[in-house]
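Below are two complexes that have subunit A in common, paired first with subunit B and then with subunit C.
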Partner chain A sequence: MRGTNAVLGATGLAVFLALGEAVPRLGLVKEAYFPPVARIAGALGDELSDDTFWTALGDTLTGWALGLAVAVSAGIVIGVLVSVVPYLREATASTIEFLRPIPSVALIPLAVLLYGSELRSVLLLVVYASFWQVLVQVLYGIQDLDPVADETARSYGLGGWARVRYVLWPTALPYVMTGVRLAAAVALILTVTAELVIGAPGLGARIAIAQNSQAVPEMYALIVVTGLLGLVINVGARTVERRALAWHQSVRGEVTV
Partner chain B sequence: MGALLDVSGLNKVYEGSGRRVEAVRDLTFTVESGELVCLVGPSGCGKTTLLKCVGGLLAPTAGQVTLSGRPVSGPPPGMAFVFQEYGRSLFPWMRVGDNVELPLKQKGLSKSRRGELVDDALRSVGLADAAGAYPWQLSGGMQQRVAIARALAYEPEILLMDEPFAAVDAQTRADLEDLVRGLWRERGITILFVTHDIDEAVYLGERVLVLSGSPTVVRERLRIDLPAERDQLHTRVAPRFAELRTHVYEQIQAAKRGTPAPEPSDRIVDVEDRPVDKS
Partner chain C sequence: MRRLFTGLTAVTLLVTATACGSSDGSGSPDGSASSGGTTTVKVGIIPIVDVAPLYLGQQKGFFSERGLKLSLTLAQGGAAIVPGVVSGQFQFGFSNVTSLMIAQSNNVPVKAVVNGIASTGVAGKDFSAITVKKDSPIKSAKDLEGKKVAVNTLKNINETSVRESVRKAGGDPDKVTFVELAFDQMPAALDSGQIDAAQVVEPALATVKSQGGTEIAWPMVDVAPNCTVAMYFTSTQYAEKNPELVKKFQEATAESLAYADAHPDEARQIVTTYTKIPADVLAKVTLPKWPAEADRASIEALLKLGESDGLFKQTPDLDKLLP
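And now, the complex of A and B:
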């Protein structure tokens, strides 16, 4: 079954690539805007042998990783605090519901005003967008605490910190993992967006330059790279999730006793 | 010398959303060191509330619980709890051994001492090989054994058990009853066992406290004069067992109807022996 799915997936991709090659060649779309796959692949090859491409990729990954790291740590720490301290959750709920839907891109002017086109601008946008993903999941996760598990911990004399570490955190972990996976994807989108719009160095800025200089195949090649990056990040996040949650129902599956 | 556990005038009222529910009205009883006492009452009579108050998990509205002379205001260090919901009480993210060890870490015991206690406790519930498994890889009965092992390793002054076998099948239940009875006799631990099952209460207990319906009071205190050596096959068909269980059953039925108890409830009752049983 697994093998069949892999074959089907590969066939689908091959057909897609073949169409991408054939449609421009047949003149169905303008070759100037939609270059055939082979030319995009050629441009991609050129990019890969160019040092400045790797610098741009490094910049993008730096923005992504730093932003994600800050957002995840802040989301977890603040999420736990808000849940654990009495009344804090009720007091912050409306503020969170107000701030959360603000699209991060709406903060681009602010970021430019504050930091110009530096890395810090990118980080501001990335952190703002991914922080909520993590925070909200942490809040849900902690709410999922089983009263019996909590009473067990209390009856065996586990103090506040021990309960957070041994009971609350593992309970929330499946949610946290989902939050991190969503945040990782959002962080990549915002990193590229910020580079594209603000012109902070990175793949996004390189796409803008390729477009401005009519280097259409290069532009597509860079878009493909961002797509592949997203794919790798998602697969990586899922792998980490499966490892960390081997004990959880969603991963362990049915156990026959 | 006072009793190990002393519950006096315990009262618990739940208040919320305009409703006032008196779950436990006035409970007074003691458990001596080394005793196995069963609390039995009709379902919904506030047994769990009572046990949570005794265990310091709930604050009583009035009255006092003392353990070894010290008033209980939160979960006391000398108490271990076995819950009915073993699947939720064991942590699925920890292996069996770690589940048993966790409370010992909190006690600040050395690593080698913890290891000894965990091994010993798992061996005494017949799960010496299961330390490396996850709780969810075990059957329900085995999971409840792990929960019992966790309580034993904790070396409590008193073990509180809240309907621990209500969620397992009849055969497993009989095995677990014998396990608890065996551990009690071997280790001389003190157990307060709450159940809704009359047979279980009579089979296990040295004393049975029959509770009234909610709001709960102690309806009767009954000494179980069955021999210390009990087994599922013979004890349960003994005429004396039948008499005692019938007596408790009548009391529970009367409690459900709300008839007042025939005897004053602060006196230990011995059920009349019929002459034929004395031979």
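And now, the complex of A and C:
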């Protein structure tokens, strides 16, 4: 079964690449604006042998990792606080719903004004965008708490901290993991966007330079890199999720009763 | 509610704290001074041919011999540079002259310190041109009436200068439809007929020409002979607090400009270090002029055009703005 999937996946990718090669070659789109796959691959090879490319990749990953770490920690801590403290959830709900849909990109002028075109601007945007993903999932996760389990824990004399640790946290964890996976993807998007628009060092800035320089194949090569990065991050996030939830039925598989 | 606010503040603080670890506090001029009597200044620039003299001057030591170390930071366009300079993230920045005048008329405290680039002043051989597709019926700027013309930013230097070209050719600029489009997208848009004409600058201009597009007018030449297009600037606060540093930056940049102007091949070479312009395109690129001094008469011409096109809230004060 797994083998079939891999073959299907590879075939799909091959067809996609062949299309990418054929469409410009047949003149359906102009080669000057959409170079065939082979030329993009060539440009990608040049990029990979360039030291400054690896520095840019490092900058992007730094922005992504720092931003995600801050967003996830803040999201979890604030999410648990908001849910546990009485009335706080009701009091903050409308504010959260107001702040959450504000596109992070709209904060670019603020970020530039505060931090110029450096890492801190990127972090501001990344944290703002990915924080909500985690927070909302944490809130939903805790809402899902089984009252019977909670009451049972209470009657066994578990204290506040122990209930958070042994009842609340395991209930919320699957949601938190979903939040982290979403946040990881959003963080990457925002890192590249911030670099592209503000010019902070990284892959995004490199794409912008290629674009300004009329270096079309290089531009697509860098875009492919961001795509691959997204793929790696998604696979990584799923692995982490599976590991952390190895005990959970969604991962363990259905147990027939 | 208050809890949430505290939480958000904590997030912001966290962000700041995390970031502080990775970058040495820039911003304050005192903070940027470093050992050995050299001062590092951050300059916000756009990764285009225009700023080649700074890279060249840095390589030739024109800045280090005056105790200056340049930290050239690439930004995407003036939209990121002006706020960066005003808030002290950059000590200097690169911007076109009209943007600086617009900023000043909006009471944004900017002060131009030294020349940036100038037009070549030669019709047919400038770094900026109005171009049309191969075999287009549009033959002159007058024919642009009723047509769709792309400029990179509306209500700025390129729109006013294109309007002047239309005016000089005997046309009515109000009959031209201007659309905003990034320079790098203009060749494709022109080629596919989405726009009738485009005001492009290098290196997009070289791409348009290589596709068989033709130049019909040279707006910067129409504005004034030897038109000063862009300058390096700082904030008025920084200029007042650090007159010595500004003077050193001025002198070193002027020397770099003169050197780049006299050694175009070296300038072309250094462009490859910070852009990705393909070698065959770069060879065809028309370089701008890099005179050491800004041409005040041309800036006055730009000011008049800006006024007649309604760009300014109040008349910019050139005595205060220019060095």
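We take it that the second predicted complex is superposed on the first by the 255 of 257 C-alpha atoms of A that agree within 3 Å, B and C clash if a C-alpha of one lies under 4 Å from a C-alpha of the other, contacts with A are read in each partner's own complex, and residues count from 1 in each chain.
Criterion: a contact is a pair of C-beta atoms (placed from the backbone, for glycine too) under 8 Å apart; a residue touches a chain by one contact, two chains touch by 3 or more.
Here the structure is a predicted model, which means the values were calculated and not measured.
Once subunit A is used to superpose the two complexes, subunit B occupies space next to subunit C without a clash. Judged by the number of subunit A residues each one touches, C leads among subunit B and subunit C. Once the two complexes are laid over each other on the shared chain, residue contacts for A:I233 go to neither subunit B nor subunit C.
Contact with neither subunit B nor subunit C is seen for A:L57 once the two complexes are overlaid on the shared chain. By the touch criterion defined above, A:T95 reaches subunit C but does not reach subunit B. For the combined arrangement built by superposing the two complexes, subunit A sits at the apex of an angle of 150 degrees to subunit B and subunit C, based on C-alpha centres and given in steps of 10. Here the smallest spacing between CA atoms of subunit B and those of subunit C, following superposition, is 27 Å.
Once both structures are placed on chain A, no subunit A residue is touched by subunit B and, in the other complex, by subunit C.
Residues of subunit A that touch subunit C in their complex: 30, 32-33, 62, 66, 70, 73-74, 77-78, 81-82, 85, 88, 91-92, 95-96, 109, 112-120, 123-124, 127, 131, 196-199, 201, 205, 208-215, 218. Listing the residues of subunit C that touch subunit A in their complex gives 1, 3-4, 7, 10-11, 14-16, 18-19, 22-23, 26-27, 42, 44, 46-48, 73-76, 80, 83-84, 87, 89-90, 182-184, 187-188, 191, 203-204, 206-207, 211, 274-278, 281.
Contacts from subunit B toward subunit A in the complex involve residues 52, 55-57, 74-75, 77, 79-81, 83, 85, 88-89, 91-94, 102-103, 106-107, 134, 136-139, 150, 154.
Residues 146, 148-149, 151-152, 154-159, 162, 166-167, 170, 173, 247-248, 252, 255, 257 of subunit A are the ones touching subunit B in the complex.
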